[in-house]
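Chains here go by letter, A, B and C, matching the order in which they are written, and residues are numbered from 1 within each.
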Amino acid sequence: MRRFSPVLCAVVLAGQAWAQTGGELHFAISDDPKTLDPLQVTDEPSDAIRYLTTGTLVRIDRKTFELKPELAESWRVSEGGRRISFKLRSGVLFSDGSSLDAEDVAYTMRRILDPKTQVPAGDQLRPENGSPTVTVLNPREVSLLLPNPVGGLEALFDAVPILSSRSMLKERAGLGPFIFSEYKPGAFLLLKRNPNYWKKDDRGRPLPYLESVRIEIQQNREIEMVRFRRGELHLMSALDVDSFDQIGTAQGALDAGPTFDSEMLWFNQVPNAPIPAYKKKWFLSTAFRLALSEAVQREDIVKLVYHGRATPAAGPFSPSAKPWADTRLKPTAFDPEGASRRLAAAGFRRENGVLKDSAGNAVEFSLITNAGNRNRARMASLLQQDFQRLGIKLNIVTLDMPSLVERINRGFQYEACLLGLTGTHLDPNDQLNMWLSSSSDHVWNPHQTAPETQWEAEIDRLMREQSSTSDPVKRKPLIDRFQAIVHDQAPIIYIVHPDALVAVSSRLGNAAPSVLRPRVFWNAEQIYLSDGSGGKP
Amino acid sequence: MKWASRMAWAFLILVYLVALAAPWIAPAGYADQFRDHAGERPSARFPLGVDELGRDRLSRLLYGTRVSLFLAPVAATISVGLAFAIGLTAGLATPFLARTLDLVIDLLLSLPTLFLLLIARAMLPLNASPFASVLLTFLLMGALGWPASARVLSGASRALRGSTFLVQARALGCSSAGRLAIQILPNLWPLVVAQFFFLVPIFILAEANLGILGLGVSEPLPSWGSMLGELTNPAGISRAPWILAPAALLLMVALSFHIAGKQEKALS
Amino acid sequence: MWPSSILRFLSRLGLGLLIGGFLTLLLVRFAPGFGVDERELDPALSEATRTRIRNQAEQRSIWRSYANYVEGALHGDFGTSSSLNTPVRQLLADRAPVTANAVATGLALAWIIALPLAALTVVWKACEIPFMAANVLLLCLPAGLVAVYFFLMGLPSTGVIAAGVAPKVFIYSREMLIASERRPHVLGAIARGVHPWRVLWLHRVMPAAPEVLALLGVSVTIALGTAIPAEALCDSPGLGQLAWKAAVSRDLAPLLAITWLMTVVAFTANAFGAAVTSSQRTWRE
């Protein structure tokens, strides 16, 4: 008996290792979710809840950026990108035990495509003109036909939560790994394990490994960091560089690489903006914009603001957006002499260290940015000194967000703006609304009835053409040409792409931080907690 | 305690003189960026180290002293002056006027006056100088910061009104002006002075907190408040304790104000 | 006498609520950024969605808008928070106990610490400067840092509120006690050789009690005012955090409700202080 004891122990231990992990994952979001309705999600906290409690037909793997089957075991795009057909997995249940079938998918699609209700979840799918058709082919197959082709159509379904058409629980009957359990506004949300979740691990055990997820609502980043270091939180999805350095890589801080986000500066080119006419003339001048881009020391911003954890930006797509970023384009090199020559050629001259335009106006303008963002405030200070080298006086004005949005989107009472763009999707269509000249989001000169410049007309053409082309091989040259125009005309001066900085507790297993949101818990069903909350699966 | 008061006065005079002399004695301009030395520890060249953008901390502290140490007392004077005038009136006036002023004070204590600051900031031209922006912020804080003090002073005035020595003075034929000057003001003065010295550090810190809303000082102009904004967590402080210099200076200046003010009261 | 005083107080309170609410409405409506939503800048949303978000702002005239709010409030309906998509009544019910608890505890802590220390500095001159330095230190530390330190000590918004109120209580009560030093009866007691502690308690603290109680009324208002940044910094789900979020997002409904609540508390606390002071005057007369 004594000789077999070690074997017996090993068997017992292996059995424990096979046991369900359990445990409760703790992390924080910065604000209360604006909505718990998955179709109405427009903010990041709500998106985190939606991600954990709903299921989608396909899922972008946040590490490889490949599109993987989820609720749909396969799909097919046809008719030049106008039709997409899904074949659903069998045996998938909603959290209330009801079965998923093609009617549920059709119901969801009709809801998001309904032009009357205009739910945000369908914004990127809903056509401007024409009526889409949803057809249930059989209980496991459903097809969507759009009036026009849509580029990257299948990937858009990564963000479409499938709802039940019949459940009494309505939106609460989810297909995600967790179900909504409790919400105390301002304090926390609690999600419990979905007992009917369809996924299993490669050993056939039901997922998720975690028993529950407790999401704290924590706006104070310092306290969030203290709680992480104490072990009260298991992950932090958005670290600033100071916190990253304080936590340190040894204690769980991780740099996942350049995000799809961009820090950018643009000038107000709205014709009827309430700013002096001579300043509008500067901002409309391509030479002026390019010169200022050449005056920006991007490397210093990377070093001093981001402590090396950012990448100088060449254009709208970060190096992480591999299929789309034009690697031939390089970030504008720091060249103050070149900038001065360019300005001189455009009629500017220096008098006693002050740059003046051809009419004798000293070049001075204000730069607005949002208050409370330390990185942006530091960046603005560096830009101020960079532009001073050219003899330009930059006045930095920090405003709270509503005041800032009012100025750049309503009254156009600003001269230059420094802001960031959050890249949530891989596809260039994510930025489509920013580049179409008629859009309200065409930040430097929105709502154009007709493109006011040749190059904006060209961008309109290129973006519309690529958005209605399903073949990525055909889209790529269009996107490359678009990037080249942006680089040459500099309507937006791209500064840096910050890295995705996260912190992951050593207790967290299977965490694979990504640059795409949600950065850490994107594979929540695979994540487990070790040491104290249960054994390793 | 005279030695304490003398030291306090000497320190305050020294600080103000140094602040005035900042353009001549500061090692560098407050906006100069020595980017190759960013984040450096204190050294012979940079006695208080260098901030994350390569700016000399000592220079910024000296220039920041000018902003905070001149504007915060101005704001405190406005606030205390308004509180004194209104609080005194509310305490000694006719019942109708007193009740009306009480109503105004209580209302202002309840209103979100933060929005007044936002409205005022929005009305300022975008290209206004950083000094104009911070001056406006301090003036507004002064103009809006009086209700709590007025409430205390009105309560104290009311209490004085019923005191025996005042009744005695009235019985002896002392005029209203005389009672005000001889009996009431000297008794209220300590509270007024205490309020003033109390408000100076409050306003310096408030200017930093208002930065979250886009109010306060604009780059590159430094202020104690904006420098104190770096003090956000203990770990950062323990790694770079020299960033406590503005807080230490503020503490010493505020304490000196209190000690000097106390001695002034003793003399009067 | 009492019924007429109560009636007067209620009519003042009613007037204060009406005017205070209207002024709040004006301030918020005319503040930059009212009716603006950050999501208007999100290129991932369609033009229609962004237009819908933009048009969610209050469109009614100010008078009509206020009349509707007042009418609703009289029926217990304080509207819905646009930023939290929750009825304000429910928000108040959930959060008021958190703030009440924090303010009460913070106030009690502040008074328990500050008042005895103030009395001590009056009697024992040697401790004056150290205590004053400690008091000034609390005034000089940024609230965010204090919040983190208190969090580390396991004392969230309660400690921050106490740290915000205690210096004021210390200074005011100390000044009141010092002022009483020059009173004739105190000078007389000292001249007669009465023990300093007896002089302090019977001839200075007790007579100053009504003024100190009046200070209590003000300190309630100060504590409520301190609760807003304290709860925002400590992420405590109370009324202060709600007020801060509502202010940042220009959310009118909760701001109005909180203004009314603050008005009731301020008026009541200060009426209490005034009543105490006037009763002392009546007794003296």
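Please note the rule applied: a residue touches a chain if its C-beta (ideal position, glycine included) is under 8 Å from a C-beta of that chain, and two chains touch if they have at least 3 such contacts.
The structure displayed is predicted, hence computed values, not measured ones.
Enquirer: Where are there more C-beta contacts: B-C or A-B?
Expert: If we tally the C-beta pairs in contact for B-C and A-B, the bigger total goes to B-C.
Enquirer: Where the centre means the average of the CA atoms, what chain is farthest from subunit C?
Expert: A
Enquirer: Just curious, how far off is subunit C from subunit A if you go by their C-alpha centres, in Å?
Expert: Measuring from centre to centre gives 40 Å for this pair.
Enquirer: Between subunit B and subunit C, what's the gap in Å when you average each chain's C-alpha atoms?
Expert: 20
Enquirer: Subunit A to subunit B: how many Å between their CA centres?
Expert: Chain centres of subunit A and subunit B, defined by C-alpha means, are spaced 43 Å apart.
Enquirer: Give me the residues of subunit B that touch two or more other chains.
Expert: 118, 121-122, 213, 232-233
Enquirer: At least two other chains touched by the same residue of subunit C: list those residues.
Expert: 32-33, 144, 148, 152, 248
Enquirer: Multi-chain contacts only, two chains or more: what residues does subunit A have there?
Expert: Residues 222, 226, 399-400, 403-404 of subunit A touch two or more partner chains.
Enquirer: For the complex, give me every residue of subunit B touching subunit C.
Expert: For subunit B paired with subunit C, touching residues are 1, 4, 99, 102-103, 105-107, 109-116, 118-119, 121-122, 148, 151-152, 155-156, 158-159, 161-165, 187, 190-191, 194-195, 198, 201-202, 205, 208-209, 213, 228-229, 231-234, 247, 250-251, 254-255, 258-259, 265.
Enquirer: Can you tell me which positions in subunit C touch subunit B when the two form their complex?
Expert: So the residues of subunit C touching subunit B come out as 12, 15-16, 19-20, 23-24, 27-28, 30-33, 125, 128-129, 132-133, 136-137, 139-145, 148-149, 152, 167-168, 171-172, 174-176, 178-179, 184, 210-211, 214-215, 217-218, 221-222, 225, 229, 243, 247-248, 255, 259, 262-263, 265-267, 270, 273-274, 277-278, 280-281, 284-285.
Enquirer: Which residues of subunit A touch subunit C in the complex?
Expert: Listed in rising order, the residues are 31-32, 34-35, 42-43, 118, 120, 123-124, 126, 184-187, 216-220, 222-223, 226, 399-410, 419, 421, 424-425, 430-434, 439-441, 443.
Enquirer: For subunit C, which residues count as touching subunit A in their complex?
Expert: 32-34, 36-53, 83-86, 91, 94-95, 144, 147-148, 151-152, 232-238, 241-242, 245, 248-250
Enquirer: Which subunit A residues qualify as touching subunit B in the complex?
Expert: My answer: residues 222, 225-226, 242, 246, 300, 303-305, 364-366, 368, 370-372, 377-378, 380-382, 384-385, 395-400, 403-404, 413-415.
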